[in-house]
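Pasting the structures in now, so scroll down.
What follows is chain A paired twice: with chain B in the first complex and chain C in the second.
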Partner chain A sequence: MIIGKSIPRIDARDKATGRIRYTDDLCDKGALIAKIKHANVAHAYVKSVDTSEAEKIPGVVKVVTCFDVPDFRFPTAGHPWSTDPEHQDVCDRLLLTKHVRYYGDDVAAVVAEDEVAAARAVDAIKVEYEELPFVLDVQEAMKDGAPLLHEEYPNNVLRHTSMRKGNYEEAIKEPGLIKVEGWYDTPTVQHCHIENFICFASRENEKIVVVTSTQIPHIVRRVVGQALGIPWGQVRVIKPYIGGGFGNKQDVLYEPLCAYLSLQVGGRLVKLDCSREETFRNNRVRHAIRSHIVTYCRKDGTLVARKLECFSNQGAYASHGHAIAAKGAGAFPQLYPCENVEVDAWTVFTNRQVAGAMRSYGMAQADFAVESHSDDICRVIGMDPMEFRRKNLMPKGYVDAFSKNELYADTFNQCLDKGAAYIDYDRKFKEYQNQTGPIRRGIGFAPFWYNTAVWPIALETASCRMIVNQDGSIQVQVGDTEIGQGADTAFSQMAAETIGVPFDMVHILSCQDTDVTPFGTGAYASRQTYVTGFAIRDCAEHLKDRILDIAYRYTRMQPYLMDIQDGNIIRATDGRVLMSLGDLALQALYDTENSVHITMERTAQAKSNAYSFGCCFAEVEVDIPMCRVKLLNIINVHDCGRLINPALAAAQVEGGMSMGIGYALSEKMIYDEKTGKLLNGNLLDYKLSTFMDHPHLEAQFVENPEPTSAYGTKALGEPPVVPVAPAIRAAIRQATGVALNELPMDPHLLFRRFKEEHLI
Partner chain B sequence: MTEDLRQYKQVTCTINGKERTAMVDVRASLTDMLRNEYRLTSVKKGCEVGECGACTVLIDGEAFDSCIYLAIWADGKNIITLEGLEGPNGELSDIQQAFIDETAIQCGFCTPGFILTAKEVLDSGKLYTDDELRKLLSGHLCRCTGYENIFRAVKKTMYKRLGKKYKE
Partner chain C sequence: MYDIKAIYEAKSVEHAVQLRMEHPEAVIIAGGSDVLIKIREGRLAGCELISIYGLDEMRGIRKEEDGTIRIGSLTSFSHIHADPLIQKHISVLGDAVNMVGGPQIRAIGTIGGNTCNGVTSADSASTLFAYDAVLEITGPEGVRLCPISEFYLGPGKVDLREGELETAVLIRKESYSGYKGCYLKYGMRNAMEIATTGCSVNVKLSQDKKVLKDLRIAYGVAGPVPRRAKVTEDAVRGSEVSPETRARIGELVLEDVNPRDSWRAAKDFRLHLCSTMAMRAFTQAVRKAGGEIDD
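Then we have the complex of A and B:
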């Protein structure tokens, strides 16, 4: 068995020696350098741009402004294209804009011979603005008379969706019900992959070639085509190894602008490299979502009626738009099934950074609201939080009406048992009740749920090509991407297992090139082991059939009597090795009578989907006078189906937990209310977790193979971040009795809340 | 016409065991010199202001953020980048192998810097406590790993070098 083994990732050696090439490492030294002039106002019309001084600076090759760019509007979301115009992403972007919608918007660009000349030219560009009032808060932006960002969207509402189940208004009339209500706020945070966004572009043989640090090369190709108004086939996108993405690079960022700038200088090589500050300010961020939940329940904790309203801060442009709020809102009725549910979700433009995809795609926000609220319910009705979960959580056999996702196993109880046992929950929970004094401990937990991939909301398709080399090794190409998570290693394990060759006989193409690799939408929605798994399985099964058909010529054994094991064609009936796959490939290719290059290519469309589940347990110590939380212990337990590579799976969980800890305790983008300017857009002032901010991160698994999956897998990449913040909140609450309804739970928030609750 | 401010200076230093000389822009960082003049692309740019640690190199055995170290200061210095840790026949150093064995690498962008700081820590020959080790490594940011496996890789190698038995 190759699946289930912790094989070191295939790129580990080259990464440990520094040989691996990322985008910047591939760019020719002679590249021209592009830099962008960003607006220093939050909302304005550009009246004029004076480039005369900039053009005089030695080394400046070209200056373009928002008045020069073509009027091709394009979307940026890394979503599959929809053939239905109604379901296509919002096209609200131009390469440069005359209508500045956030502090930092792009109004002009410079191409120069070196970095210094480009930077000096950007500074020398003079922009005259007609300033407009701006709005940063999501609910303020919805009010009549609020500054309007996009004329087509009254009250700045990009989209509002509703869901109704049962009859909420009738149900709440039941006598004796207890009402629990809360507002829960999550902050704007950034992905902070260590490699900033970077791309370079040039024209080669009448094609525009873009090399870019992206999770979605085939989608970037389409959007560059849309933005430049050229046929998509004239665009070639190459994705090298990338230094992290986490959803930021599931958006088309500056690839269209870079391609355009290259064409403006005769197709010469132009590099556009975002600084860390630009990555914070001008890439994408996680949506801040404000959620309002009302629950009516009986004294025994039975849920009778529930309502969710959520307001998602989109920032200045649509990007992934309503999809994020809709994912969380759509999943609201699932975790705690209830007969009477009302859900309303709004996604609203504001003059802030553009929000897009970020690891967990709305579910970290939703789980913080939902699980904080679960804890609030327990407090109000005096119910044990574990008992409440075991009574009300989605039971085995639950099927979601829309997605048809089903919970096939008693996963929640298994995960909760495992987490509780590791952290010694029952004993500590009792011990930490009713503490006094300045230093107190608390323990808490939160379950999570996560819908893998995007079917049936959008298309799920993946393709795979396999080629048998002359030595019998297998080339594997997929359009879906390795972004650091270890996808290529997992894909190779899948291919080796199904074909029947040793792991080291699989050679996967780790870097996509849209002129070479078959189509795939890319790394997002924790979809790849599930969806790409179908394509790999399908391609490998067909390739194997083809190999055995060809083997008949040389072995004279019927294909159904043969199998491939460990790289050899064997007779299945007695296990005899008939020939090696290498001998077969060599003979078949160089056969002077009937030469065959053994290849296979398949596209798999997924029309099923899978729930992924788990929980987080956290133990904290709170220093009340100092308003500080110290995380003492933490464990995530995941049921992501069968583990393809346990060591890589655990590594995914640890990284997600780290991101969750930052979300819970320290990360937040802070805006100046007077100007709309981002105040902490750098890695010093933005508090990313360091080596010293974590205890040991424990990752454990419950393995219930997913019945609908080609290899028994389901989502793992994103879910680890989801349950961490509400688990820590519950632990802080047990320690202090104080409910914290916003993130991050940093000393600023604790000080305010402890004051309000008279703890200090 | 705006004045051209470019000035160049000759910098001679030892890089990965070889003496090298280049004319560099006096404003250039050591990161730029190593990447652009010598194509030592393991030296990564993550922030260029000394926040993330991705550009770390060893200068006379000490780990520095090369992005905030001027190239001209490197004159006469002994510099080691990650490329310098690999043996002539592709042998890996113990800490590189530990990063592979302990699944301490994901996207790999912070890896070169981490390995070089780990080398400085390990070459001290000292036995550090967990808290000390975390502090020594805290100049590097990583968004993929949660630092868990990096910590184990460094700690295991430290124990191995000191002939001590490692326990989790």
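Then we have the complex of A and C:
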């Protein structure tokens, strides 16, 4: 068995020793440098741009402005394209804009011989604006008369969706019901992957070639084609090794602009390297979502009727748009099934940073709101939080009518039991009740569920190509990308297992090139072991059949009597080794009668989806006078089905927990109310948590193999971030009695709330 | 790529002074952990630099005959933290500089840069204020000594005149002998942080450890420049070591500080911290000095 083993990741040595080459390492040092002129107003029309001083600076090759760029509007979301215009992503972008919609929007660009000349030229460009009022708050933006960002969207509402189940209004008339209501706010945060966005472009013959740090090379190809108004086949996109993406690079960022700038200077090589400040200001962020939840329940905790309204702050452009709010809203009636439910979700433009995809795609926001609310319900009705969850959480056998997703095992109870045992929950929960004094401890937990892929909302497709080398080793090519998460190692384990070769006989192509690699939509959702797994399994099974068919020529054994094990063709009936796969490959290729290069290519479409589950338990110490939370212990327990590589799975969980800790306790993008400017768009002022802020991160698993999955897997990439913040919130509540209804739960918030509650 | 117009490398302190005279617009660069950031941000783009980083004569810590501890201005934070003289006599300064940024910054950043940068949040500054440090400044006229309390003229402005550079930080024997201290840094995270507020307290207790013979409280980020809490010090000097005295300190320091209201932290929060941190640092300093005080 190769699946289930903690094999070291295939790129570990090269990454640890610095041999891996990332995008910037690959760029020719003679490349021209592109820099962007960002607006210093939050909302305005550009009246004029004076480039005369910039053009005089030595080393400046070209200056272009928002008045020069072609009028091809394009979308940026890393979604599969839809052939139905109704379901296509919103095309609201131009390469540079005359209508500035956020502080930092792109109004001009410079190409120069070096960075210093480019930076000086950017400073020398003079832009005249006709300033407009701006709006940053999501509910303010919906009001009549609020500044309008896009004329096509009245009241700035990009989209509003509703869901109704049962009869909420009738149900709440039941006598004796207890009403619990709360508002929960989550902040705008950034992904903070180590490698900033970077790309470079040049023309080769009639093609534009873009090398880019992206999660979605095949989608970038399409969007560059759309933005430049050229056939998509004339665009070649290459994705090297990537220093993290977390969803930010599941968007087309500056690849179209870089390609355009290259064409503006005769196809010369142009590099566009975002600074960290630009990554904060001009890439994508997580949607800030404000949620309002009302629950009517009976004294015993039975849920009778529930309502959710959520307001998702889209920022200036549509990007992934309503998909994020919709995901969280869709989860609401499922996690705690209830007969009478009303859900309304709004996604609203504001003059903030553009929100796109970020690890957990709306679920971190939703779980904070829903699980904080669960804890609030328990406080109001005096119910034990564990008992409430065990009574109300999605039960075994639950089937969602729309997706047909099913909960096949008693997974919530299994996960809760495992987490509670590790952290000694029951004892500590009792011990920490009713403390006094300045320093107090608390313990809390939160469950979550997560949908693995996007079906049936969007297309789920993946392809895989396998080529048998002359030594019998296998080349594997997929369109879905390694971005640091370990996908290539897991894919290789899958391929080796299904074909029947040792792990080191599989060579996966880690860098996608749209002119070479089969089509795949990329790394996003938590879909790759699931969706790409179908393509790998399908391709490997077919390749194996093909190998055995060809082996018949040399072994004269019927294919159904043979198998491949450990790189050898064996006779299945008695296990005798007939020949090695290497010998077969060599003989087949150099056969003077009938030469065969053994290959296979398959596309798999997933028409199923899978629920992934788990929980987080957190123990904190709160220093009330200092307004500080110290995280003492934390564990995530996940049921992500079968583990392909337990060590890599644990690493995924640890990284997600770290992201969850920052989300819970310190991260937030801060805006100047007077100007709309992002104030803390750098790694000093944006408080990404450091490992000095983390206790040991414990990752444990419950393995209930997913019946619909090619390898028994389901989501793990995103879910670890989801339950951390509400678990910490519950722990702080237990320690102090203070409910915190916004993130991050940082010293500023603690000071304010402790004062309100007269603790300080 | 940094936008630097020119860089002049000093071969000696004397040469550095000469370069300062020849290039009055040029900025001194030591470890570069502040200057390079300002160049990258554009605030110093296109500047001229005078590098003094190679001047080993300005590096290292020694005890002079009169007991003065002399810290060369180019001594790095990690060096200061690990130095036996510092650990023995002014361990609180070692603790304070060990809270700067992260390991890389502590290896490159210097105490001279930390003081000459002129910012109120410098982790070394409040402790140097608390120990009445004296700065040795070398210029065309030779050496002059400047008490640190007079060195800071305003945010980012220090009393370095034409041709001058800071060559050493001096802490006199009477400033450290018999004193024990504690520096508390308040940040929003536990590393890679600039202080929201820093508070350095040191105490000298009576023989029986019951009476506060002397007390010094200094703050970073409680005003535009680092400052001492003189009102409080004068009021409680000679008091009994007790929770009541500590509570008085917590109240009185509010008269000594004047933190600003900013998006990095609200004024009322900073005032709360000034008070809480003084009491916490006082408690720890008393305990280090052998005194007893309840929480």
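In this text, the second predicted complex is superposed on the first by the 760 of 760 C-alpha atoms of A that agree within 3 Å, B and C clash if a C-alpha of one lies under 4 Å from a C-alpha of the other, contacts with A are read in each partner's own complex, and residues count from 1 in each chain.
Here, contacts are C-beta pairs under 8 Å (C-beta built on N, C-alpha and C of every residue); 3 or more make two chains touch, one makes a residue touch a chain.
Bear in mind that the values here come from a model prediction, so they are computed numbers and not experimental data.
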item: Which superposed partner A:T17 touches (first chain B, second chain C, both, neither); value: first
item: Which superposed partner A:R120 touches (first chain B, second chain C, both, neither); value: both
item: Which of chain B and chain C A:L632 touches, first, second, both or neither; value: neither
item: Per-residue contact with chain A, leading partner among chain C and chain B; value: B
item: Touching partner for A:M692 - first (chain B), second (chain C), both, neither; value: both
item: Partner chain(s) touched by A:L684 [first = chain B, second = chain C, both, neither]; value: both
item: Which superposed partner A:V294 touches (first chain B, second chain C, both, neither); value: neither
item: Which superposed partner A:I760 touches (first chain B, second chain C, both, neither); value: second
item: Footprint overlap on chain A, where chain B in one structure and chain C in the other make contact; value: 116, 120, 683-684, 688-692
item: Chain A residues touching chain B - in the complex, by the definition given at the top; value: 6, 8-9, 11-13, 15-22, 24-25, 29, 53, 56-58, 116, 120, 124, 191-196, 241-244, 246, 275-276, 483-486, 647-648, 650-651, 654-659, 661, 682-684, 688-692, 694, 696-697
item: Chain C to chain A touching residues, read off their complex; value: 1-3, 42, 45, 102, 186, 188-192, 194, 196, 263-266, 268-269, 272-273, 276-277, 280, 295
item: Complex interface listing, chain B residues touching chain A; value: 1-2, 4-6, 27, 35-36, 40-42, 44-49, 51-52, 54, 81-83, 85-86, 92, 96-97, 99-101, 103, 105-112, 115, 134-135, 137-138, 140-151
item: Residue numbers on chain A that touch chain C, as the complex places them; value: 114-116, 119-120, 123, 438, 625-627, 666, 670, 672, 679-680, 683-685, 687-693, 746-748, 751, 760
